[in-house]
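Note that the chains are named A, B, C and D in the order they appear, and that numbering of residues resets to 1 at the start of each chain.
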């Protein structure tokens, strides 16, 4: 993914590398941070359930709820990615940037956003 | 699921209700607590990535890795559930207990363990 | 899975091997055959959509509907499996039969019933 | 999705409506038709397995293999969709076309390409 990121990406970038994010919707950022803090609490709840030997099926249902919450965060990140990063690579990048972005999106969809 | 839990379950039970777990494999418990602490760290890492506006695709890959880790916890819980709880409901419970356990397992598999 | 099948399974067996199914619910069998014929029709519909160059997103939605239908068949097979085969291995098989059945179920759930 | 299709889509369109596909990669089309014919054969194989009361777990593994094959078709359709249709909506469509395409992609990813 580095190639896309280096040349054309725009939706956020690593602090370390010094590059600034071209665009992160502030509402998406705020809502994702809120969701992730809630998920952190759910993970601690899971630890307590395991520690206190709760009924396995109840823990499994709770894990499923955390998975859904993570999917929700992923969906918002993907929205930001499509609206800013992918859009820029596709509309302003070279033909190769656009092709690389398509492959990156496919990979995210079929390997990571299951 | 309450019905199964009340009558036949054995693999762990809620502290509140005062019932004791019939069987939780200590290795599964220990390994799941370790995994869940690591997952908690990953969630905090995700918060930092969102906060610092990392590249969306990198955050998505990291979310996918947390989801796999949670699946791993779920799998171990399911192993415990099958070996102890489901086994007891099926071999020692009434015909109805066994049938209720089958439905509970189907529900866990097709609704929650996706 | 052969080990389970050879020693303890009961929910159906390959015609070739000459062993008879101990138990296949006739309603499950009938309904699954009906579903699979409908799915065959949907697959032919997909071929036509691809042939006639339908809008990709519409084909993707149709594929998703076939996937759900296949999940439905899988769920019924799993119900039969749990009620007959797994139940027999767990309640009448040896300790090893029961353990092998648990591993088989975990494998089906986490690798195949996604 | 109709809105996107009407205004900006380009990756294929329904024969009925009389609109021509702007772009369907011929290799993707050929390979998808081949895959779908193979999948049709697999579905008939599943019917036979159910008919002859094969071991449930073996049928479940086979269903999982059909699902992976369908995912493969979906992935190719998505590649075509991104390279042609989405790319056109994003680079040549209006701001609204681009936004509608993003929402359509999110929907496909998170509801249909699971």
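Quick notes
The definition used in the following text is that a residue touches a chain if its C-beta (ideal position, glycine included) is under 8 Å from a C-beta of that chain, and two chains touch if they have at least 3 such contacts.
None of these values were measured; they are calculated from a predicted model.
In this assembly, D is the chain whose CA centroid lies farthest from the centroid of chain B.
For this pair, chain B with chain D, the centres built from the Cα atoms lie 33 Å apart.
Chain centres here are Cα averages; for chain B and chain C they lie 23 Å apart.
Counting only residues that touch two or more partner chains, chain C has 71, 74, 78, 113-114. In this structure, the chains touch in the following pairs: A-B, A-D, B-C, C-D. Across the complex, chain B meets chain A through its residues 1, 4-5, 9, 11-15, 20-21, 24, 29, 32-33, 36-37, 39-40, 43-44, 46-47, 50-61, 63-64, 66-67, 70-71, 73-74, 77-78, 80-81, 85, 104, 108, 111-114. Contact residues on chain A toward chain D in their complex (touch as defined above): 71, 74-75, 78-79, 82-83, 86-87, 90-91, 98-99, 102, 105-106, 109-110, 113-114.
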